[in-house]
Each structure stands twice: as C-alpha cells, then as structure tokens.
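All remarks here apply to the structure that follows.
Lettered A, B, C, D, E, F, G and H in written order, each chain numbered from 1.
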Amino acid sequence: MPKAFQRPQALTDKAFHYCPGCTHGIIHRLVAEAIDQLGMRTKTVGICPVGCAVFAYDYFNCDMIQAAHGRALAVATGVKRVLPDRLVFTYQGDGDLAAIGTAETVHAAARGEKITAIYVNNAVYGMTGGQMAPTTLLGQKTTTTPLGRERETAGFPLRVAEMLSTVEGAVYVSRVSVHSPRHVRQAGRAIRKAFEIQLRGLGFSLVEVLSICPTNWGLNSLEALKWLEKEMLPVYPLGELRAPAEEDAG
Amino acid sequence: MPKVLMKGNEAFGEGAIRAGCRCTFAYPITPQSELTHFLARRLPEIGGVFVQAESEVSAINMVYGAAAAGARVLTSTSSPGISLMQEGLSYIAGARLPCVVVNVMRGGPGLGNIAPAQGDYWQAVKGGGHGDYRLIVLAPASVPEIIALMELAFDLADKYRNPVMVVGDGVLGQMMEPVELESGEIRTAPEKPWATTGQGDRPQRNVINSLHIVPEDNERFNLDQAAVFAEIRRREQRSEEYRTEDAELVLMAFGTVARVAKAAVDRARARGIRAGLIRPITLWPFPDESVRRAAAQAQQFLVVEMNLGQMLEDVRLSVNGKRPVHFYGRPGGTVPTVREILDEVSRIMG
Amino acid sequence: MARVTFREERCKGCGFCVEFCPKKIIVLADHFNVLGFHPATVTNMERCTGCGICAWMCPDVVIEVEHAPDERKPAERTEAQHA
Amino acid sequence: MMLVEILIAGFGGQGIISTGQLLAYAGMRAGLHVAWIPSYGPEMRGGTANCGVTLSDTEIGSPLVTEPGVLIAMNQPSFDKYAGTVVPRGVILYNSSLAKDSHGRRDVLMVGVDANRIAEELGNVQVAANVVLGAYLGLSGVISVSAAVEALEDVLPPHRHRLIPANRAALERGAAFGVSCREGGSAVG
Amino acid sequence: MPKVLMKGNEAFGEGAIRAGCRCTFAYPITPQSELTHFLARRLPEIGGVFVQAESEVSAINMVYGAAAAGARVLTSTSSPGISLMQEGLSYIAGARLPCVVVNVMRGGPGLGNIAPAQGDYWQAVKGGGHGDYRLIVLAPASVPEIIALMELAFDLADKYRNPVMVVGDGVLGQMMEPVELESGEIRTAPEKPWATTGQGDRPQRNVINSLHIVPEDNERFNLDQAAVFAEIRRREQRSEEYRTEDAELVLMAFGTVARVAKAAVDRARARGIRAGLIRPITLWPFPDESVRRAAAQAQQFLVVEMNLGQMLEDVRLSVNGKRPVHFYGRPGGTVPTVREILDEVSRIMG
Amino acid sequence: MPKAFQRPQALTDKAFHYCPGCTHGIIHRLVAEAIDQLGMRTKTVGICPVGCAVFAYDYFNCDMIQAAHGRALAVATGVKRVLPDRLVFTYQGDGDLAAIGTAETVHAAARGEKITAIYVNNAVYGMTGGQMAPTTLLGQKTTTTPLGRERETAGFPLRVAEMLSTVEGAVYVSRVSVHSPRHVRQAGRAIRKAFEIQLRGLGFSLVEVLSICPTNWGLNSLEALKWLEKEMLPVYPLGELRAPAEEDAG
Amino acid sequence: MARVTFREERCKGCGFCVEFCPKKIIVLADHFNVLGFHPATVTNMERCTGCGICAWMCPDVVIEVEHAPDERKPAERTEAQHA
Amino acid sequence: MMLVEILIAGFGGQGIISTGQLLAYAGMRAGLHVAWIPSYGPEMRGGTANCGVTLSDTEIGSPLVTEPGVLIAMNQPSFDKYAGTVVPRGVILYNSSLAKDSHGRRDVLMVGVDANRIAEELGNVQVAANVVLGAYLGLSGVISVSAAVEALEDVLPPHRHRLIPANRAALERGAAFGVSCREGGSAVG
C-alpha cells in the first residue's frame, strides 16, 4: 500500500526528547515536510536556538548550526550572505526570538534578509523551567510570576507578528497554531509559503506558531491544547499579517 | 606598485582582502570606524559582502554563521565592542570555527575614551568569555605589519580552526604610514569539509555545535582542544628581538609601545646601557621561549604597557622568579614617551 | 482499507491521536512501553479511513499511515471533514 | 566513619525529588551531615527525574552521587541506566511493579519492591517512592523510620499536610518489608 | 530558628536579602534559575523589586541604573550570561558603582553544558571586560557559606564602590544543605551621597559616568583605582587553611572542588602523606600571602580545578618559582573525585 | 523688561559641543524647558547615550547618568524601579535606541516602564563619522553606504514609532520634528506631554524627534533643515501614533 | 519694544535665527567670534517684536529675548504667525 | 639623525587633514620615514581638526605629536591651545588672517602668514593651509617645495586634479615667503 503518511526525509530517525504531547514535535515535522515538498533537503541550512529545541540539530536531516541564545537570526544572516541560494531557516522559541534576540529579530527583518524564522510561541520559557516569556499572558502563573503576570510590574505580552508587520523588509508574517488538525494543516501551508517566498528572494519571512508547554503550564497535553485555544488565541489572533501582493504561492 | 600612505584601519581591511576574506560583519566604533568605511566600499567592488550589523553582539554571531558556512570572515571593533562579543567568541571557539576579529583598543574601563590603550590584553589572552578556550592573538606594530599579520591571521585561524584576534590601538588604527602593496597572490581558504553549506553531494550532513550535554563528552572536547592549544604554543610563538644578544636589561612591549621602547633602547645604548627589546608578535601563544632564553643572560626585565600591568604577568610566569621584572605603565589612553622609558631604565640600571 | 502502524517504543501516550481520530478507534494500551508510557494502539483497523489525522497530530512521529491506491488523497478527505 | 550515597531515579511525577528531600531531612533529624542534589536540565524532558542524597557523620565532600552505594530505581529506564553504576556490595532497590532486574548483578543486594501495587493499596499511587524508601530504611537501619515520618512535616508544605498519613503508611509498609528482607536476605516482595 | 534544607541557588537569594538587597534584575539560565524563582517570589513579599530582564545585557545595565540610584542590587546568571555582561561590568567598574553579580558556573566554552565547572576563573579575576579594572571575587564552598559571603559581598561592594562577583558552580547551586538562619539583623547600605537620586536638597547635582575624554583624566582615574585595588589586595585576602601547618604538599582548590580536596587531604594523611589545603575564599584579591607563607615550608603544590588550569597561574605567580606547582584538572563539567586527587597526590609524593 | 525667552534652569551654563546648526541643541532646550515647566528639576534623573549627545550629562542641570551604547532604557528601568516617584528620561540617538538598543527599547515599552525616551532620529550615526543608521533613507549616502543605502543589501529604514505603537505598554508614542518654529513648538508640547504621562504613572512614552546632522549629511545647516522636510517627512510622518484615551494633558 | 541679546562667544553662525526671524532683522556679522564663526546680530532692534522665534530656533541657546510687559505672550503671537 | 614632528591645527574645512597628508607624501617622495596621525573623535565636533606629521631619517617610534617641533596654527583657538606645547627652539607658523600671537613666546620662532588673504588672492580660500605649509618648507628646507608639489597628485583624488594649480601656487607663494623669513629672521608677513 502507498504511504499516506510517513516520516519526512528531512527528519533524522532520532527520537525527540520533548515532553509527552509537546507540540514542538509537530512543528518540527511540518518544517521537515515543507523542506521535502520543495526538494531542498540537501540545499538547506537550519539554525536551532537555545531553548527546548536546542537539540533540533539532531532531528532535522540537513546541515544544521546550533546558535547562541537569541542569535539564530544573526547566524542565519551570516550563512545566507555567504550562500545566497540555500534555504536558510531558524527555529526559535519565544524567549530566544522575542526576548534576548529582539534586536536580531527586528534587524534581520529590517534588512529584509532572505531567511525564514519559525517562531514557536508557547508563552513560557520551556527549557529553563517555566519562567515568564515576553509572550506570557496577563495573569498567567510562571516560576518568575508566581502570582500571575501583572501588568504593573511585568508588563504586557509582546506580539511579535504585529510588531514585525510594521517592518518593511518583513514580507511575509503569519501566525498559525497547531491545536487541531485543521490548524496543523494551515501551519504547514504557512511554513511552506514562507520558504517559497524566501526562495523567490522577496525578503524576510516569519511564521509564528502557537504551541503548548504542558510541563510548565501544569496541564496535561489535551488540557494544554484547550488552554491554547481559549486563552492564547484572543491575545494572538491567527492569520497572515503581511504577505506579498502577488498571491501565487501555495 | 608604488608606495602609498595607508591608514592602519584601512590596512586591517586591505590585509583581510589579500587574505581572501570577502565577508565582513561589523558595527562602527571609534577609533576603528575607517575599517568599516573602507570595507563597505571595497568589498562590494570585488563581489564581497559587507553587512553593518545592528550591534557587536549581532556582528560576532553573523561571523559565527558565515564561518560555519565556510567563509573567511572578519569582524572588527574596539574595546567595548569586544566585551560585547565575549559570548559569541566563546561559542565560535567552542564550535571550532575559524575567523578573525580586530580590536583597535581604546582607553577603558567603561566608556573611557577613544585614545590608544592596551587595557584589553588580559581579555584577549586569558579569554574574556566563559569556559576553557584560547584566542590566537597577534599584535602588529606598524601599518605594513598590520597587512602581513592579517594574512597570517586568516591562515592560522583556518589551520587550527580557532578564532584569531588581531589587536592594535588608537594610534595604530588612525595613523598613516607608507605601504608597498606587492601584487602578491590573494590567498584562498583551504577546503572545509566540515562546513555547513547544505549537504549537497556529501554523504553526511554537517552540524556546527558547541553543546555537549554529557559532561564526559564536553571534557573530551576540552582535552582535545588543550592538545591543539599545546601545539599552537609549540609552533606559533612569534616575537621580534632587538639588540637582545648582549642585553643586560630586556624591555618587553608590544604594538605601538614597542616602537617607543625600541627608540628608548637606542637611546639607552647611546648612554652606555646595554638594553634590548623583545616585542611579542603573538601575545598568545606568548613567546615564553624567547623570554626564557633572554632570562639566561639578562639581569633585569622591564615591561612597558599602556595599562596597569597585564602582559607583566605573562613575563613573570616566563621568567619564573629568575630575574626581577619591573613595570612601567600608562593606562587610560596615554602613550609612554621615549623619555619616560629612559628614565625608568636609568632608575633600574642606576 | 487503510493501515496505521505505531512505533510503539516512541509513543509518549499524549493521547492526541486518540482525541483527534475521527473514527475514535485509537486507545492507549494498558501496558507500559520502554519509555514507561501507555502506548497508543488502534482497536479496530477495519474502520480506519487512512485519513492520516492521527499521524498529523502526533508530536513524536510515531505513526505511519498506508492506504489503498485508488482512494482519494488524505488531504482532500480531511478538507471535507474539517472545513 | 559513615558515608552513604543514595541515588533515587524514576519518572517525573513519581515523587522522586521529594522522596530524596525526605531522606535528607530525616538524616538531618538523625544528626547527620546531609546533602541533596537533583539532576537538572534538558534530561528532565521526556519525563525522567533523579536525585542524589548523601548522609555522613563527617563533613560532606562532593554531594554528587556518581557511584551510588544505594540505588532506588522507580522504573525500568532508571534501572537500566543506573544499575551498573552501583558500587560492589551496594544495594539496588527497584520498583518491581514497573521494572524487572534486567541486569542480573550478583555483587550487589538486589531488592524488588512491588511499590505501585502497595501504594495503590494505600489508596495513592503517588506514595510509591516512599514505599521503596521505607524498604531501604527497614533494610539498612541507617536512619530510623520514625525520623523519616517526622521529617514528612519538613518536606510537605502546610497545605499538603493532609497527605502525611498516606506517606507515613507508605514508609511503614515499606519498612516492614525491608526488615523482612534483612531477615530473609535478598528478595523480591 | 530550626535548620532547614536550602538549595544553593536559594541561598544566594537569601543571603542577598539578609544583606539588605531589595532589588534584583536577572535573566533565567540553568543551573541558577531557582535563584530567580526564589527572588521573584520573595522580593515582592518584602516590598522589593524583581525584574526579569529581556537578556543578561539588559539585566546588567538595569543593575547599573539601580546601583547609580543608590540601591543594593543583585544580578545572577551562569557562564554564557556572564560573558554577555562584560561590557556592563566594565562600565559599572568604570563608574565606580557597587553591585553583586552571581555566576553559577557551568561547562564551556560556548553552549557547553549545564554541569558544574570552573572555567570562568580567568574571566572573573583578570577581567573579561575591556580596560583596567578588577572585580572582587568570592568563592563559597557550601550552602551556609553562600549566605555568609553574599552578605560580605554587598558590604565590600559598598565599601570600595566596586562590583563584587560571587562564583559557584552547578553543584553548589543545585544542592541542598542544612542552614541555620540566625535571626541576625538585616544589613543596610551605607549613605551614598554620590548616588543619582534626583538632586533634591543637595547643593550639587550628581553625575554617574565612566567617560574621561581627555586621556590624562582617564589615566588619573585608572591610577586612583589602582590605589583602591592595592588597598583591597592588602586588606581583603581571605582563605581557609586546612592542615597546612606541617604540610609537605599543599593542595589548592576553591568552591566545590575544595570540598573534594579536603576529603583527599584526610585520606592522604591517613596514608601518611602530610598534605594540607589552602582554599581561596577571595579569588581576587588572590590570597598570595597564604600561599607565600605555605611555600616557605611545603615542598610541593598541587592545584586542582574544574578547568584546564586557570587559578594555577595565580598560584605560580605567588610561589614565584620557589616550589614545583602541579596541576590536576577536569574541564567541561566533570567533578574530580577524591580517588583521582589521591592518585595525583601519590604520584607527586610517591 | 520681563524675559520672553531665557535659558532654562534645567540646562547648565556649559556651551554645547555640537556642530554648527545641529538640532541636538534645540532638542536639549525643549527637554529642559519641559522639566522646568513641570517644576521637576531636582526630582529628575536623566540618562544620556553614547552618540553625539554623550556629553549631555554636562548640559542637563539635574542628576545624570551616562549609559553604555544602546542601554539607556535598561539603565532607566533600574533607576525608576528604585525611585518610582522621580522623573526619569533617556536621551538617545537612532543608532543607540534603534540599532544596538533595540531589545532594550522594545522591552522597556513592553513592560510599560514609567519612563520617557527622547529619541533623536537624524538618519545617521553622527558621533562615529556618518555611518548608516537603521533610520537611514533608501539611497542616502553614508560612510558605510557609499553608493547610497540599497534595499537589497542594507534593508529598509526602521520606523521605531510605528513599531512601538503595536506594543501595549507604550502608552504615548509621538513623532515630531524641529525644522521650523512651528515644529519646534509642537515638539516641546509632545515632550511635556510624555513627561506628564510618565508622572501620572500610565506607562512608557517615547517622543521621536526628527533632527539634522549637517556635518554627516554633507549639507549646511539650512540645507539640512530643508532635506529633513523634503526627504525625511515622507518616510517618517509626524503625529501622535499612540496616546492615552483621556486627553487632559497639554 | 523688545530686546534680543546674543552670547556672541557661543554663536556658531548656523544662520537659523537669520532665516526664521519674521522681521528679517538678524544678520551674521563680518567679524569672527572666538570660536571662529561669524556671529549673529540684530540690525534694527526697533523692529523686533520679541516673538522669540530666533531664540527657539537657536541650537546653542545663544539668544535671550526680553519684551514689554503688556504685550501678548510670545506663544500666542507665534501661533498667529505660523498657524 | 633627523626627526621633525609637526602639528597642524585649525577649523574643520580648512584642509588641515589633507595638508598634513601632503606633507607626509612629500616626505615619502623625499625618501624619509613618515607617519601621519589625525586627532579623532568628539573633539571633531564644534569644527576643530588637527593632525600630526612625523618625518625622520630612521624608523619612527611613536607617531603621536604631543610636543611638536613645529606648529601650524590655522586659527586662534588652535594657536591658543597648542602654542604652549611647542618645544623650545621650535617653530610656530600661524594664520595671521584669523589669529594673532596671543602667547608671546620668545623661545620659539614665531611666523605669522596672512594665509587667508594670500589664498583669496589666488582665488581659493581653501588653499590657505597649503600657503602656510609652503611657508614652512621655504623656511625650514626640510623637504623641497617641488616634492610637495609633486605629492599633490598623491593626495588629491583624480577628480580633483583640477585643483592642483591653485594648490601649487599656494605652496609656492608660501615658500617664497618662508624663504624671505629665513633670510630676514622672525617676521609676520
């Protein structure tokens, strides 16, 4: 029988180290599928962050670089400027891309670097034990906001996609989620579109993917999917915030 | 080619280009900005890449990416910028990536000033970043030597897969001196089968990484690197010796200060004092062989630096208690004069 | 008819496949796998449409789906189901 | 001189961390020098947890437990990973509800405790690790079980003190089993 | 108060609070994150401020601001984070601001791992940042000592208007040990007439600054600081000596390793080897007085570190060629065992 | 005769070191006037950047802190958290605030820090010799874009005010200019309003002031004012991008 | 009548006051000041309205303006002129 | 041994930098070791500029000119700031169009050159600094004026070579004046 679904070529056979139900795994698969679909596996350089996805270099079956916390987009810039015809992507968490890496993010976008950022927003620092992220919701309890994030002392959730949609070099900015099969499907399309836009040389692309962290949210995986849908979607509405005018991709 | 007057800062760029570097990521800062101006103009002319990064943190991480992709790559800054690069430098060393970093030192600490200084010696040679790693550190003393050492820097970086720092100071960066640009061959980087260029036809994908989550793995990495460092120490010590053959007093100085010290040696000799000079060209590996050799005969050492006494410790470690080691320093952006050094020499040899 | 296979030793028992299978034919087994989780398994393969949703939702790429060659592509089916 | 180094390992959620702390507090109450150290970092992902406890009558050098004298393995992966690190003449206690002796070492005392079952009998599967700890204390006598029972107050935050009885029962059931092993030699209960 | 088991990371926080610190800016990183959790909970309870910065670069500059405003202020991180703070630390030293920085060291270079290590010794004591400055560096070896040294750290920082670094490692940060919290008085910061708190009733406005554009001004600043550093060196050396009175072999180790080394001393003595231990508590100022004193009698020195040999150089500088100085190191996140140290001792004394 | 115009109290008597015609001087005066008007001189802590305004600590007659390049808003955060009732402002150039300091800027805004950033956009790095700034216009020649800024290699001008107006904690974001007396007047009002909003504890405020750099633009001062009007205004439109709903200030 | 005074030694001759004085009564003098610039000066003080615009536009705070007490506030005047 | 250290100072825009480079190139053409160094940084703001040139028949130590043997002061602030730094028996040439001898030093040779006027006569006020340089060369003879004239090609980029005649004239007018001073002793021209 033909395979309706099989492990993408652009994933190695290594088992993920993620917690049960962690949607990092789904997002990995979507990225790998997009690479496969574009036939770019041997022409891709991926850059993984510091964050739960730090071992992504073991998972993506292409040349990979492990970057310092927050600096993946600077590293990607270095790679792409040397190898302009490769597919170059970063895979980063919200602490990595939206806290310590804010300047790298904004300026890779402003320069219109022809790279793609896969930005996993799970509203928390997963790897280091559930601290507040820039994206943590108001009232959300984390290890550094034990009473819930308070606007007076800890400020407001940062909406990276909205922010970057004001930046001219960011030609494709989209927010997707993976909390249901339909959303997984949309997320896959957005990632592929971002890659295509990169390959067409149009500029910087970012796909923000809402993701769950059952471990640090203190929920089981299914509860976590529901929490994402109920709590995160209102603050982080899905959709394409910026896309090239000519709609021939996807 | 005829001689031209060239600024030290431009010579860093010219040397890089002659070394085959086509790729620079940098953020402007006095007193090295002319380097960025020069390369922003020159590199695109020859099909290269100049990117003005949004910060030094970003610049060094762009360097990390370009080096991973196999390029000969340069960044350049001055003291505060080097401090901002410490995490990135540690990562580059940890990932065994070759690259060249220029530090045109200025007065510190903090914002300090933009005058010439050597207060970043320790930062350069002991590792300002975290963990056990070493930078190869070269210290030119003239504009022509800048060009030569930049070429060497790229070769050493590739040979040992290790970052190389070339340190100057405000004087060296800002001054113009005549250089003769031989139409020598442009160097090219060796093959880099480890580079992350996309797998292409390679049987294996490549990974650039400094994470070794199992302590024993990281220890093995550190010990392997220790062996590389030992080899560098064995093979790459470089220094200039001036009138040391019969010297009773050996002056030790690097970079701009060594030029002043050399003049002081001549003046001291004219006064009948048998002085000599060892000018370390590699600050790391420190030329302890030369110092040890000199210590067999010289009675006294005098270290002169534009700081509060940093290379001093490496000299003391090399001399290892055998001879007195004196120090004369001018920190914070001031340059010692020949006269001051002479006074110090007279005091010691009094 | 379609077939779904699990790399049981990689299943972390998150239950996504169980939750999202439109036919509700996946359950978590009683036994533990080597990782110490109750692994997912299909109770009634006959009813499987090969839609692939279980595989899409599996964070650990545990599941492979095969289906008969003449059927519609799984994407289309899903479209219909979830539009 | 007395120096015991104990490694406790299992899944996250099995109460590994607090069982280790309980042992440390009990040691403190018994007047010993104690140190406790968890494993930390990304190996926490995928749901494993372990910690080391050192008990000594003199100052403690390194608190890292790399060659344990005692291993409490609460699941199979932990058994597989650590059984080989136990020093000769050491003790391995494992949760025989979830793990079996895959190693077959003869130079250590190997004790299986059907901890999940016992805990379930006590109405709370979460106290399984304390059953095994009780077994260790019963077996070794290194600290009295009553010290451990008293230490429950130290470890459990006030709003969880209602859990004390179940944990106390777990320790005591385990201890009884441990004592029986001591009397009967190596055994699987 | 009864004894409680406390994590090293929490003890850093507890010590800071007892020192009167009400103000922390930090960014999480393993293996020190519990410190941020602890203070994020505790500080607001007592009217203090905890801000999770967006990065270590930002955290250290928030510290700069809070220190300028006169507060006792803390930041904490681990190796890569310290590298990112180098520019800020140089500015803080340059502006003469007191503050306390904790480094719970982990394996390096680069991302390395999160296991215990001591590879940042040089970075701490020689200055990882640019320019001539010094950090006072304290190295506790147990959870109770963490609390004591944190209190000392704030006092020294204010006394000398200089940043103080307290270094631990993954073991020290993660372990729990019993501590007895005496209900001692909470310390308060001394008056800080120089602080930029708004001019208020002061006759003069205050300025916090590290810029001295005229080289001679910057030099004067540097020389004044050199005098402060000399005073610190004279007055603040601290170390623990263990069975050194009659030691033929002196072990030297700090932090976690010193605990292991102490056990090794006992075991060596049991084997009839007259071993002793000097445990530097201040890494800077390095306790060279103790070492020199010991060198008068001991025949051999053995330095044990979790790195490739860094404190080693300070020991050699103190011994100054008088005795052989040996080294045993385990880099990259591994902790030497008593057995390994004993083997080394036997080899030397064998 | 009464003074219609005199040197504000919140300026020291020190002569500015700026180039002839450099509008940094005008902006200094406006800040000082706003401080005077609010009677806050002795309760103000100012933070100056690295950039041409590095010596501002000599000019503002209040407690001043000189910050590392780009970090003024982090320093200000430290000050304000310790001294919540003081007026705390930063004075920063476009290299300082919008390049190296991007993360500090975005996150001071996201946290809603009750501080005010005076952001001087002169489309160039003045102090270091006229290099490209993030704000440099397309086609503009600088020492690091000798052929003019090209979108392909150097990207697009960054619009900080637009970007920050997507950030919830930034309650007042305004762009003004100083190329004519009318604009100077508006600029002064905006600065005062920002300070008032800070003192009312509403959140973060930023006033972007378009400014000239005759020296590095290679124009005389009057030409530079015209260039600002003609070239910069279309890219950086003036106005309040965000302001608190209740309009009772100024 | 109003009076405008210049701290001549601080003038850098940028010409802003010259350009923006609505009465066009300011010029740059022929001589150099200590800084080496041609400093600004008022040619005909009679015509000065005390509007303060010269001072507002001066980047070096060289200018002070005094005016008779009964006049409108300078702000209002300017409003009228520039609205 | 010959070693001359020359400081050239004035307003930005007076051509200070290129006059210094011209002198360095001229020295190179004359077979000397040369070094040129500008002042840099924020003191550039406010419109001052200066540079140091060292000419020597042996290798040059420090190129910094802190105690010049020769000062060329193109305006009053430069004169005021640097006149005191010139070594005894040194030379100060100043642009008497814009500056006067505010210092009255007797231990140096003090030469005023009405450089702006001369340059205006030559139709280009921007060559004033080269008038003074010419005067220095005429006065000192350290390098021939023709070497400096030839070096104009080195300093001026090709698209500015049309400025060579004016600069040449400036050097020569200055030199003639310088020679006259040498003959006539200290003078203000």
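For this structure, a couple of remarks:
Definition applied: contacts are C-beta pairs under 8 Å (C-beta built on N, C-alpha and C of every residue); 3 or more make two chains touch, one makes a residue touch a chain.
Everything quoted here is computed from the prediction, not taken from an experiment.
The minimal number of chain-to-chain contact steps leading from subunit C to subunit F is 2. Chain pair B-F has a twin interface among E-F, A-E or A-B; that twin, with over half of the contact pairs alike by residue number, is A-E.
Using mean Cα coordinates as chain centres, the one most removed from subunit B is C.
Among the remaining chains, the Cα-based centre furthest from that of subunit E is the centre of G.
One finds 25 Å separating the Cα centroids of subunit F and subunit G.
Separating the CA-averaged centres of subunit B and subunit D is a span of 55 Å. Separating the CA-averaged centres of subunit G and subunit H is a span of 38 Å. Within subunit D, the positions touching two or more other chains are listed as 41-42, 46-47.
Among the residues of subunit B, those in touch with two or more other chains are 30, 49, 51, 54-55, 57, 80, 87, 91, 95, 110-111, 113-114, 209-211, 213.
The residues of subunit G that reach two or more other chains are 12, listed in rising order. Residues of subunit D that touch subunit E in their complex: 21, 24-25, 28, 34-38, 40-42, 59-64, 66, 154. Those residues of subunit F that touch subunit A in the complex are listed here as 99-103, 106-107, 110-113, 134, 151-152, 154-159, 162-163, 165-169. Listing the residues of subunit F that touch subunit G in their complex gives 1-7, 11, 15-16, 18-26, 29, 180-182, 184-185, 220-222, 225.
In the complex of the two chains, the subunit F residues touching subunit E come out as 41-45, 47, 54-55, 57, 61-68, 71, 74-83, 86-87, 103-104, 106-107, 111. The touching residues of subunit H, when paired with subunit G in their complex, are 11, 46-47, 75-77, 98.
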